[in-house]
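Look at the two complexes coming up: chain A is in both, with chain B in one and chain C in the other.
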Partner chain A sequence: MRLDPIAAPSLRRQIGLPALALLATIAVAMMLALIAGANPLATLGLIAKGAVGSKFAALETLNRATPLIFTGLAVAVAFRAKLWNIGAEAQLYAGAIVAVLLGTGALSAPMVLPVSALVAMLAGALVLLGPVMLKTRLGVDEVVTTLLLNFVMLLFVSYLLEGPMKDPAGMGWPKSAALIKEARLPRIVEGLRLHWGFALALISALLVWVIQTRTTLGFEMRAVGQNREAARFAGMPVNAVLVKTALLSGGLAALAGWSEVAGLKGHLSSDLSPGFGYTGIIVAMLALLHPLGVVATALFVAAIFVGSDSMSRAAGVPTYIADMLLATALLFMVLALMLTRYRVVWK
Partner chain B sequence: MSDLFDILLSVSFWAAAIRIASPLIFATMGELICERAGVLNLGIEGIMVIGAFAGWMAVYLGAPLWLGVTAAMAAGMLFGLLHATLTVPFGLSQHVVGLGVTMLATSTSYFAYRLALPEVTSPPKIAPFAPMDLPILSDIPFLGPVLFQQTALTWAALICAGLVGFVLFRTPLGLAVRAAGENPAAVEAQGLSVTGLRMGAVIVGSGLMAVGGSFLTLSAFSSFFFEMVNGRGWICIALVVFGAWRPGKAVLGALLFAAFDALQIRLQQTPLGAHLPYQVFLMAPYLLSILALILMSRRAEVPAALMVPYRKGER
Partner chain C sequence: MTDPRDVVMRLDRITKRFGALTAIDAISLTLRRGDVVALLGENGAGKTTLMNILFGHYVADDGRVEVFGQPLPPGNPRAALAAGVGMVHQHFTLADNLTVLDNIRLGTESLFARGTSHAAARARVERLSRDFGLAVHPDARVGSLTVGERQRVEILKALYRDARILILDEPTAVLTPQEAEALFATLRRAIAQGLSILFISHKLHEVMAIADRCVVLRHGKVVGEVATAETSGAELAAMMVGGEIALPEARPATAGAVLMRLDGVTTPDKGAAPGLKRVTLDLRAGEIVGLAGVSGNGQAALADLISGLIVPASGQITLGAPPARWSPREAIRQGIARIPEDRHKTGTIADFTLTENAVLEGYWQPGFSKAGLMDWRAAEGFAEGIIAAYDVRCPGPGARIRLLSGGNMQKLILGRVLEPGPKIILANQPVRGLDVGAIAYVQSRLIAARDGGAAVLLISEDLDEIMGLADVIHVMSEGRLSPGFPRGSKTAAELGLWMAGQGFDHAA
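Our next item is the complex of A and B:
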């Protein structure tokens, strides 16, 4: 078997192959439903209905998409520069901790929201800065260090919630005190359960897009990602670009945790994120690392999660079907994208 | 201080260190084989989960223990085949595919577990491997309980490490696998298939990772829990770097790491443990792995073609 590059891939190939990947994922979903003893078409229908079938469901999907847009952007920004930040989960919790630290009375309105958001971004950036400095200074691979820091951060959160940050009125539950009213993100429309974190996520996607397409930094990040040696040879400050990328990526991931606490939950507990940091990788890859695409794929991924939860209660297919489908979609999609640029020649 | 000496002189501490090292040795050997052939396998964490699950499920359904180990290995090899197909002939990003395989293997395990046992609240137990009771050897003071009252799977881990070292460094096959990770074009010039060697290495390596996972359910805990692998796969990747891609050094690293892990568990029970929050002790293994990576960063002899996809005729 050999792979021949295609000079100018046809439009049919560019649209057809990703569409095929999506169809293949749907086929896997139906197969899994069959294995679980449910009606495949009914299962798909229940997932769709659970995700967007009512006003309540659709709002739930938008709420679930909010942290995923942030972590998806964080991963997209980093991966574009070939900086393998697999630590969005840790950076997310750094932002969540800051939301509690500054939102439980340390600051008052009108300063509390903007200041705590900025400090949260700074905290997330710092969490990623360690592994990136280790990479640029000592050549330590950032994949493993960012992964390992996720576990360290979760233990740190667990320590905070059982120690200094524990809510005295929490009936012994390991959770933080509630945020003051001024530190909470208000709802976008009164009466609808959707907070300003969602709007902030959309604005962030737009800003990242502007940075990537309209600024020198964006150009440098892409150049460093495409060919690090060539970028260095061209006189680009590669390490400085990687550090800036890390600050942006870590800051975006931190906003995911910050907006979950300030917008949705109102307090910190150690189950704040069901793996939003890791799912951000799927969101970013499905979006081809495009910041505006991230918004679309985050909505899609959130819909699968919310829909599967509701389907699981009705049809008895385990809710982990969502994670299986997204992992399958990721693998099918990277394969399909490669095949748009290469032709398989059997010989 | 005397607490520390008491721990270091106790039989149970050394026995625990070797027990904790066993799954790490299997999985580290698996990762080492993959990386020696030129493929970073980030599927390791999920493949350990599916190994832990498949081994446990087989035994829970009535299979003998060794058949459980075989089932784990088969499941691991299946996901290894998926990883190898996508990263070797298709040359896709080893980072992305590896993380995808970890997510798929993990969610498949959880999905299958919930499907098989929808209503259970406390995980059912199986009868795990029993400690071996060897005549004479097990009765030697100190050494007996430390070395000769381990389970058969621990011994299998040590034998496996020896075997991996022998095959990689003393056989033509091992030479070819290592060459595939150093200079694939030269391998192809010898008339050998880089694709075949790399795929074989990833499939066999993934099988070993899954056996490492099955140690957790079949020898250590006797039940399957979600999150039970808990980063052990990532730690094994650090151990491969720490061992400079050499089986002997990697085993030493795993034993050192496990001794430290056994120590932190015991230190929690001492007056020191009363002063420090327990999370500090639990963080230690992860921080130690990062420290190991930093220490080895200058000296590591990374396989030259690691993470470089090979395309025939391309340079």
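Our next item is the complex of A and C:
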């Protein structure tokens, strides 16, 4: 078997293969349902209904998509520059910690929301800055450092919640005190359970897109990602670009944690994120690292999670089907993307 | 000579296309026992493509190869080896960390074979190296060998595998004239032992020296097949270039002020590649300085230094304006046009458009961006200007540059660096791998820039190119720079001695 590169893939190939990947994912989903002893079509229907079948369900999906858009953007920005940030989870918690630190009375309205958002971004950026400095100065692999920092950060959060940040009125539960009302993100429409974090995520996606396509920094980030040697030769400050990329990426990931605390939960607990940082990698990869695509894939991934939860209650198929679906979707999509650019020659 | 039993290899109407480009077109060729056939052609004529088909790296679209009367299955390097075809590539395929003996045995013995005889293999290598005059120590680590010795290992490797046909791809490109002479002695011994040799080159005098017959390729077609005894270098040259393109005639220039000076510059070695050793060099307005030398003797370090990629460990760079921290960006600011050696890896970004590549090093300048925002319309206008003025054949400024041929890619780079009107031009192997037309174009642009008052530094491994274009020639050997020799004051053989490292001890 050999792979022959295709110079200019046809539009049919570019659209057809990803569509095929989606169909294959659905086929696998139906097979899984069958194995679990449920009606495959009914299971799919229940997932769809659970995700977008009612106003409540749809809003739940949008809420779930919010942190995924942020972490997806964080990963997309970094990966575009071939900076392998696997640590969005840690940066997310850095943002969440700041939301609690500044949101429980340290600041008051109207300063509290904008200031805590900015400080949260700064905190997330700083968490990623360490690994990136190690990479640019000493050549330490950032995959290892960012990944391991996730566990360090999770333990640090546990320490905070058992110690200095523990809610005295929490009946012994490891959670922080609740945010004051002024530090909470208001709902977009009164009465609907959707907070301004979602709008902020959409605006962020748009901003990232503008940065990547319209600014010199975006041009540098893409050049550094595509061919570091050529970027260096052309006079681009490669290390400075990587640092700026890290600041943006870490800041975006921090907003995920900040908006979960300030918009949804109202306090910090160590189960704040069910792996949003890692799922962000899937979201970004499915979107081909395109910032606007991230919004679409984050919605898709959120719908599968929310829909599977609801389907599981109704049909008795375990919710793990959601994880398996995402994994197969990612595998098929990666395969489809490879096949758009290469022709397989058997011999 | 016409006995068909003597035929060891026959190529029959081989054709290979890459997209719209027909790289080689219905090439037929016959090689007999004891024959030395030279495949002659300019860069891009299709020589290397043909060899890669022969050796199974590419699959031909049409035609067939027969070795000793048996058809060779396409796309299978092992089949070529088994049939007795040995290839010595332009770029060696040796493992630096293994010994000569291990490199030769590598791939010839099964991983699971029991009790392979080390002693027998060793005896065989020693016998081969004696018989063919290939002096190299079997236990030496390949990484410690010179380029000439490494080539001997490659030839030994082929002989060890019982090759009856040797294919040598540009074997002298990395050798000094003296080393090349030793190689020819080996090849003559091989012929005497009944081997056949296919010798690929674009150097006429070598072809005249070693080959019996000569097959000339141009644009992928055989344009002539002649016995070397019945032809002349001039006739071959005319065949090669088709007489239609005259290489630019360099007129003696009148040198002006020194625009850039390196004063006793030393840079650290980079692995096996030597750094600069107290190099002093003047680049003057209106003068082409040619830098000759065998590849890997410090040219890369000099190019990196002038490009801004490395800084001197000691010594000084003097420019019109005193440089700030030396960097690629600073080199661009100082008006140095840099044509890199590797246009694919260093000069361009393959998946970027022509527009993006056109502003790759100038995007930060006021014309192309304001307050951090790109002005893509201006960038596209700049790219369109280059496409028109430098005759870049492409679908348009929005096309990805990976779709372009090497020549067109080089023209875009040329436009990118020459359009701003540079004072100093660094051209590192500017015509390597280009077709004749593109070569003439690039060279005439360099000459025009020189005539316009720019200082040009031309780095090339092709001595003919240097001697044809340069007003002053320096030779590099192991990081040292020879004095400058004015145009025509040294013969190729004399320069060859400098390339081999002689003369430096006496030089001031």
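The rule we apply is simple: the second predicted complex is superposed on the first by the 347 of 347 C-alpha atoms of A that agree within 3 Å, B and C clash if a C-alpha of one lies under 4 Å from a C-alpha of the other, contacts with A are read in each partner's own complex, and residues count from 1 in each chain.
Basically, a residue touches a chain if its C-beta (ideal position, glycine included) is under 8 Å from a C-beta of that chain, and two chains touch if they have at least 3 such contacts.
This is a predicted model, so every value here is computed, not measured.
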Touched partner set for A:A234, first chain B, second chain C, both or neither: second
Which of chain B and chain C A:T215 touches, first, second, both or neither: second
Touching partner for A:A177 - first (chain B), second (chain C), both, neither: neither
Which superposed partner A:A65 touches (first chain B, second chain C, both, neither): neither
Which superposed partner A:A254 touches (first chain B, second chain C, both, neither): neither
Chain B or chain C, by number of chain A residues touched: B
Chain C-touching residues of chain A, taken from the complex the two chains share: 7-8, 214-219, 222-223, 226-227, 229-237, 347
Sites on chain C touched by chain A in the complex: 19, 75, 307-309, 327-329, 331-332, 338, 340, 345-352, 356, 360-361, 363-364, 369, 372-374, 376, 402-403
Chain A - residues contacting chain B, complex: 1-3, 32, 35-36, 84, 86, 134, 138-141, 143-145, 147-152, 155-156, 158-159, 162-163, 278, 281-282, 285, 316, 318-321, 323-324, 326-328, 330-331, 334-335, 338
In the complex, chain B residues that touch chain A: 42, 82, 86, 89-93, 95-97, 99-101, 103-104, 106-108, 110-111, 114-115, 118, 195, 230-231, 234-235, 237-238, 241, 277, 279-280, 282-283, 286-287, 289-290, 293-294, 297-298, 311-312
